[in-house]
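Order of writing sets the labels: A, B and C. Residues in every chain begin at 1.
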Amino acid sequence: MIRIVHYINQFYAGKGGEEMANLPPEKIEGFVGPGMAFNAGFKGEAEIVATVYCGDSYFNENEGAVDVVMGLIKEENPDIVICGPAFNAGRYGVACGTVAAAVREQLEIPSITGMYEENPGVDMFKSKTIIVKTRNSAAGMRDAVKSMVPLTLKLAKGEELGTPAAEGYFSTGIRKGLFEEKRGSQRAVDMLLKKLAGEPFETEYPMPQFDRVDPSPAIADLASATIALVTSGGIVPKGNPDHIESSSASRYGKYDIEGVDALSGATEETAHGGYDPVAANLDPNRVLPVDVLRDMEKEGIIGKLHRYYYTTVGNGTAVASAKKYAEAIGKELIADGVQAVILTST
Amino acid sequence: MKLELGIIKICDMQFGPESKIEGSTVFVNKEELQKIILEDEHLVSCEIDIAKPGESTRIIPVKDVIEPRVKVDGKGGVFPGWMSKVETVGTGRTNVLKGAAVVTTGKIVGFQEGIIDMSGEGAKYTPFSALNNLVLCLEPVEGTLQYAYEKSVRLAGLKAATYLGELAREIEAEEVRTYETPTLIEGIKLYPELPRVGYVLMLQSQGLLHDTYVYGVDIKHSLTTMIFPTETMDGAIISGNCVSACDKNTTYHHLNNPVIEDLFAQHGKTLNFVGVIITNENVYLADKERSSDWSAKLCAFLGLDGVIISQEGFGNPDTDLIMNCKKIEAKGIKTVIITDEYAGRDGASQSLADADVAADAVVTGGNANTVIQLPKMDKIIGHIESVNVIAGGWDGSLRPDGTIEAELQVITGATNEMGFNRFSAR
Amino acid sequence: MVKEIEKTGIPVVHMCTVVPISLTVGANRIVPTIAIPHPLGNPALPEAEEKALRRGLVTKALKALQTPVDKQTVFEE
């Protein structure tokens, strides 16, 4: 019998949502939450012997969290560890990836997790574990379990996996040879026809990510510079007049702070659905430091705090959307003569 | 431009008193051919052997592979600029000895010559293990400079291929394949709805035994230019090339360019195959910039919608490949590139020396660094000790028991970047 | 978001808690912050101290904006 330990977050362990995101690592015997579907999927070939869970904020904010989690896993002497799936939850994805990578490195046993393609955990950990492609929300749990179960068994048995495309996982970057059905030129013609028709096609070698922007020059004279504030932390005027979504935001907001000395819980709040909002709602300056910058403006340290701040919700928002908003914001900032930007994220 | 290929199937090759083709068997008068080859003052000896599919035979170090052809109708002759005058080829009819090849070997010229195994693990990776090969083992007169020796070997291969091709001059082929490229205007009128597709064929031209010739012209001295696809089938492009064995385009590859074949197969159906642009891979940055600028310019001039780009070699040619891709994409033309990879023996390194987001459609011929084990072969044609020095081998690649451990790089044609093979990587 | 704004030529400093994500997404000037729900604050501190903490972080961010960099840089101190 293959012994499995399952790692999940506080939410899937049934311990609560964001308000419990600071929960330290704990362990229970057997399975809970998504573990039930996994365990059923193994049809007796494998068994989840224990489930380790931890709050997402706790995991990401406490360096020692991974060691505690690893200790709890090691005690169970598993053959393989399943983490998540984390779908498009960024902090959960990072936690799953961190644990899965540590399992391979420290325990030298296989691990597997699942994420949506835009989860930052994918780029961070795809070379260090097997990350199965999932949908962007827990609605994709059934599909995720279905694709993760056979891969888990193969990994546990030490069998070779098929190609990332065939088995539905993100390429680990380790190149493996194979014989295709068609010769290369035929595959090139097929690919070109698809590309010309605007149909999806799969490149055989994804270019390494060199998607970097050259750093802009430093600001020379801070005392005369206009500084703008931008945040993905979802700070909005109370009541969220533009109805920015708490997750997968479809828009961004631009709000006037002329004459405002400091943000306040009475007039601002966060629309972000991915973190505990209490601290930000009590004092929104904790996410968007208007108060400090206004002081600095008065003291002549900076030239001016830009009249508008821009805001959106980073939670589960597609990279492509975020990119689109930022392009628009960038244009306006240039037009308004802004010299530098402080962008805060939660 | 229209060319018919008369396909003459060759299933066996034997020595005999008279050179001739009987049924599907080629008979070769060894002495007669030797005499022709040894007219070259730089060559002291020419051993001729036959290597057939399935035999326990290893050919090493392989320099070039050439398919025998003969022009039976139309202008010019095969291998223009070498075996024929420079008159434009690619029309009329050419007979092909399908299933036969001439393979040249001999004392090593460069470090980048390869292995053809006729059976076993290595045979899976090279298309030439499936052919009846007439192997010329050519040795230079002492004191011959390597350039002169390379040229002599190159010409010997062409001579032998032409000699075998002539045997098929009078044969009426049972199977005839027709390839036709309309003029630009005709093409537009014939297929107004189909996407206009071109092929950018990159030719190795690094000098120092890494050269490719077009109608006798060393392509490194040429600006990017155009050629009708059928011209390549008559030997307009030949290899004088000792780049890494796995991803050099032999003359056989140029004669049977798979991109050209597969684009012709779709011509008039799903696409309009407009033409072939040939460009070089020179060693100077200015040359790379200029040549890729010209590739992109010609693609735009032809009003192409899509382009397939094939590479030859690796390392700094990766930059030529990416430049071509990036500049052609910048013209609004969709590209697919064909390359191979040097991802390290563990497959974990970055595969190409250069990269760009524009290269979002890549076909790969596999990781050339993959380590392979080759069994001992009963018969060796050439010089087995070269395995320790050719690219992909190392000191000790050849074990005392005759087996070989080396990188896939050593196998001729294994990771071909025209997409000749089914081998790939993910 | 950071990259798209930076593309315009305006320097951007990214203030965030999960620095590895910022590195992965490609921010060039990064200032690590306190915690995910309150990057620029700490509810456990008295008000004045908390504001001083925030001012310290913003000062660090302004310093980053005044520092020429040629690659991704995390401004730890």
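Everything below uses one rule, namely that contacts are C-beta pairs under 8 Å (C-beta built on N, C-alpha and C of every residue); 3 or more make two chains touch, one makes a residue touch a chain.
The model shown is predicted, which means the values in this text are computed figures rather than measured ones.
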Across the interfaces A-B and A-C, which one involves more C-beta pairs in contact?
A-C
Which chain has its C-alpha centroid farthest away from the centroid of chain C?
B
Chain B and chain C have mean C-alpha positions lying a whole-number Å distance apart equal to 55
If you average the CA atoms of chain A and of chain B, how far apart do the two points sit, in angstrom?
47
When centres are defined as mean Cα positions, the distance from chain A to chain C in whole Å is 18
Send over the residues of chain A in touch with two or more other chains.
211
Going by the contact rule at the top, pick out the chain A residues touching chain B in the complex.
127, 163-165, 171, 173-189, 191-193, 195-196, 201, 203-208, 210-211
The residues of chain C that touch chain A in their complex are 1-18, 20-22, 24-26, 28-29, 33, 35-41, 43, 50-51, 54-55, 57-58, 61-62, 65-73
Can you tell me which positions in chain A touch chain C when the two form their complex?
21, 57, 60-61, 90-91, 94, 120, 123-124, 211-220, 222, 227, 230, 232-233, 275-280, 282-283, 285-289, 291-293, 295-296, 301-302, 312, 314, 322-323, 325-327, 329-331, 333-334, 338-346
Which residues, counting only chain B, touch chain A once they are in their complex?
195, 197, 258-259, 261-263, 265-266, 270-271, 305-308, 310, 334-336, 338-339, 341, 343, 346-348, 350-352, 355-357, 359-367, 370, 408, 416-426
